[in-house]
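The two complexes that follow have subunit A in common; it is paired with subunit B in the first and with subunit C in the second.
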Partner chain A sequence: MAIATRTRKSPRRERLEAAVNYPIDWLEERSGLIGGIRYFLFRKVPGDTNWFHTLGSATLTAFLVQAVTGVILAMYYKPEPKTAYASIQHITNDVTLGWLVRGMHKWGASVFIILMFFHMARVFLFGAYKYPRELNWIIGVMLLVIGMLEGFTGYLLPWDQTAYWATIVGINLNGTAPFLGPYIAQFLRGGAEIGPDTLARFYSMHMLLIPGAIFALIGLHLYLVVRLGVSSPPWSKEAAGADWVEEQEVSTDGRRAGLTRPVPRNYVRGQRGDSA
Partner chain B sequence: MEPEHRDQPHLPGPTVYPIGFAAGVATLLVGLVVSPTVIAPIGGAIAIVFAFLWVRDATRDYRGEPEHIEPEVREAPAPATAPAVPADVGEAAMPPPAPGERFARSRFLEGATLGLGGVIGGVVTVPVLGMALGPAFGKQGKHRVDLGSIDNFPQGDWEIAHFFLHPDEGEVTRRTAYIRYNGLLSGKPSFTIISNRCAHLGCPVQPNGPSFPDQTKNFGTGGGQEVTLIKMLPAGGFGCPCHGGQYDTEGNRTAGPPVRSLDRYEYAIDNGHLILGKTYSVAHVDGTGSTAVIHRYGLAGPGQHIDGWEQIFYPLQPPH
Partner chain C sequence: MSALDERRASFQRYKQDVKERGKPFYPYAMFHDTVMSLVVVCVIVGLACVWYLTSHEDPNRCQPKWSSCMLGPRYAEPADPGTTNFVPRPDWYFYFLFYLLRIFKWPDSVILGTVGIPTILLIIALVLPFIDTRRDRRLSRRPVAVIAAILVVISMGELTYKGAVAKEALASEVVAAVPSWAQREGFANNPKAVSGATVFAEAGCTACHTYLGTGGGNLGAPDLSAEGTKGKGVQGLTSYISDPSKFGNNVMPKFAAFANIPAKDAKGKNLGISELQALAIFLDASKGPK
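Here is the complex of A and B:
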């Protein structure tokens, strides 16, 4: 009886739910977005994932913080040798909460890089880079490299002595690369000498070129995470992987669960020519 | 087997009007650049005339009274007759498509899409890449820096010289050179002019010895150029604060990570003024002062070998 009273809804509540559901259904019917979000967020993950598995989303959050604070800083920053330093002073001292947003961007940059390394260490130590996730490791390494490029290009923008000389040294380091080095250095400098074009060039790379590439690669990274499923920790006894793997008739064939994709039962040894 | 499409879409017959219209538009666009008052109106007129003719031609079927068509009346076929005759047999058989021609149209469209897409992509990409990568192959800009009368440089003394490489570009082109007047060499003034850019990674090297800010000379030499000369005594040569590279007073490396000597400036004497020209790189210097032998190379970035076997790593430098 108690159950029946709980499940019966008052007309008022039904009308309310209909009012809430109507726009959601409207959107879902026309775009499939709600289902897509549900598919993305309510995936099956191994039961014994732990806090180390959150380092990837932590890195993503750090990047989003950089993106948002960077967009706001770009509203006040003036990438011109004569105005850059003054506009940084203006942001720090005059603009409402400018000191905080700039601080978030400055310290958040280090947080982003550190979290990338922690995430990488987790993936390495858990062996989560192994088949079938090698491609995601490669994409992750690309993200690490261009993430550090983002740090390098952003370091020049305050246009103070530290920024200027650190960038000179950084560009000349690139210049010592064999064969192409001199051209890479010229490309970064935008000419033979560091000058007004260098600052504008670094600004463009820092806020348009590299973030765009990072967004694209993060998209690919997440696509592969969803497609391949989350790996379970090395000590796990539970099979891991995406639903479509679990639905198959599978045997783990003596391999450690969660690391390798289970081999389908009808798999014929030697089919791929890997044994005589 | 794929289904074969045999429907005949109704299309207007081919006409030359679209070609004339396109030619008119092209003439209009060219005319806007070349001669907006004469050729552009002519092109516009051609385009309008042909557009009118094209529209009239294409809509011929829709204008006027539609022809009255007698509705067709058919007897309903008796049930359970012979099975339907396939289209490719019997009296009214369609001719089979010529071999190799079945998808010629779709193949053509596929190729046209890829080809046109490639052309459009190239038209967009080439200038963009050129603009982004062009500076990598650019020349070292010419500069001509007037450092004032050579009387400012007593014989045998060192001066720290601050100046602008390009006064109109401001502080970012401020450079420093260490200058010593070596006296006359066969009747002509001789200078040692050393760039302060470290040959390791480009930090500013400092004199290892006292400077005398009370003996500073500030003056302008025209065109926005502001020169500052500070007397100094680099008794211990020059040293770099970043990674500890050390040089003697001729700019030869004595310790630390630099791979060659300090760069130098070309100079000329014009109307009794010291004029700085291009920068060049130096492998090493034999001797001192006016009789020093400078092993000179084209300008290379800091940290790049210009002599010895390591130079094979930098076979091509951007033009100077």
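Here is the complex of A and C:
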């Protein structure tokens, strides 16, 4: 009797499960979203992924921090030369925890850029830009460039001396480019002089155009990551897809295989009892 | 088997291997990702706290002793198109570009620094997967890639470091040099020129230009110690400074705003001319050290 109650669900529990499952099933039936999430979470990744592989998602986290703190800053910031500086002071010194939000946004930008470089370095060192992941590398380079543009446009917004003069020089340097240079400079300034129009357009680019592009590119980037899978560390003894048959002349006399002494592929497979 | 077929076969093998021996993303890889993300958020919050707690409402309070603002002031002085304290310093990740510009001399090769090298770097990065099509991924098999990576890291690091420590003459230091300029250039008896020299020092012209050894010599700006010998005249210099872009100089900012500020002598007495005119008089009086 006791066993029966344990294996059989009580009617109350059944009703509870149905109530929980109903909205999930409803959503799944109409969107396939749950299946998608399940696929994303339970897809297989190579068994030898390691901490280096976390740099990409760490970059994503830093970007999300920027997005959230940026939205909060936008609630208080006033993009006008007359008011911008005062609103930055107000956020930093008066608004509750405003200093934290602004500080996180200011420093998060640097962390984001550093992490992008680190992530890029890991991809380079792992040779992970090679077939079939070339496209994802290119998307990555685009992310790096517009990530830095995001930094450039954000730098002006406090409208302080550093911001103002660094931006003037930055725009002028853009202007030295052949052919397009003067047009780019003109476009960035929004006129002949740096002023209210410049600030408004930097603000618009900084909070709409560029973040939108970054979000879209990250979406593509992650789509390709999921579709193609992440690559194993190249030095791994059991790197997925490794093909080291040509190196069978490397002796398997029991010395440790590692970075410079790869184990032949069928040696590994043989151990696992594979026929290959 | 062609190279492409080989690459395809190897990717098929990869998929096979992952299917047979891989582990699910959740919870294994996701655990690492979550820990790392938490570390990232903590670092960001930590930086924000140190920055805020060691700085002050008044941006000038950390001026003399930079150590009191460990991560810099909360903001600089409000932007002011007309006056002092010009520090054309970008965020740190542009330092390498910023420093590149000091290596190339205006005007012939500066374009290499502003546009040439960055564009080449960008193109190399974009086509990298198409240059390096070998299948090998192990570093021991990619000596060229390893050496290239080391060179890139060293040179970027070096340029960033140099950009960070590049000497920026602070306005206060430059102003102190004005009397000696007047002496050596022989315009000490001309209060308008002395006043112009002070404006020159305060307005941050020396962030780019050098004058009798003071200043940065950045972005290809020439030495101005003997500008008066070039025959531009006060009038010519005035129009140059108020809008250098008219003279093909797109790097130097416009200083037209100085035309609205009356020039004063050391005692604060109005000289009846604008700071812009004083600047021009000063430059015109600069005939090189005696």
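For the reader, a short list of remarks on this structure follows.
The rule we apply is simple: the second predicted complex is superposed on the first by the 224 of 276 C-alpha atoms of A that agree within 3 Å, B and C clash if a C-alpha of one lies under 4 Å from a C-alpha of the other, contacts with A are read in each partner's own complex, and residues count from 1 in each chain.
Operating definition for what follows: contacts are C-beta pairs under 8 Å (C-beta built on N, C-alpha and C of every residue); 3 or more make two chains touch, one makes a residue touch a chain.
Everything numeric in this text was worked out from a predicted model, so none of it was measured.
In the superposition on chain A, A:Ile168 makes contact with both subunit B and subunit C. In the overlay built on the shared chain, the residue A:Thr54 is in contact with subunit C alone; subunit B does not reach it. Measured by the number of subunit A residues touched, the leading partner among subunit B and subunit C is C.
Of the two partner chains placed by superposition, subunit B and subunit C are both touched by A:Gly181.
In the superposition on chain A, contact of A:Arg189 is made with subunit B only, not with subunit C. When the two structures are aligned on the shared chain, A:Leu100 is found in touch with subunit C, with no touch to subunit B.
In the superposition on chain A, subunit A positions 81, 165, 168-169, 172-173, 175-176, 178, 181-182, 185, 193 are in contact with subunit B in one complex as well as with subunit C in the other. Residues of subunit A that touch subunit B in their complex: 81-82, 165, 168-169, 171-173, 175-176, 178-179, 181-187, 189-197, 199.
Interface of subunit B with subunit A (complex): residues 132-133, 135-141, 165-166, 169-173, 201-204, 242, 299-304, 313-318.
In the complex of the two chains, the subunit A residues touching subunit C come out as 40-47, 49-51, 53-55, 57-58, 60-62, 65, 81, 85, 88-89, 92-93, 99-100, 102-104, 106-111, 113, 115, 121, 124-134, 137-138, 141, 144-145, 148, 151-152, 155, 158-166, 168-170, 172-178, 181-182, 185, 193, 229, 231-232, 234-235, 238, 240-243, 259-260, 262, 272. Note for the complex: subunit C touches subunit A at residues 7, 9-11, 13-19, 21-26, 28-30, 32-33, 35-37, 39-41, 43-45, 47-49, 51-52, 57, 59, 71, 74-81, 85-94, 101, 110-111, 114-115, 122, 125-126, 128-130, 132-140, 142, 145, 149, 153, 204, 219, 250-254.
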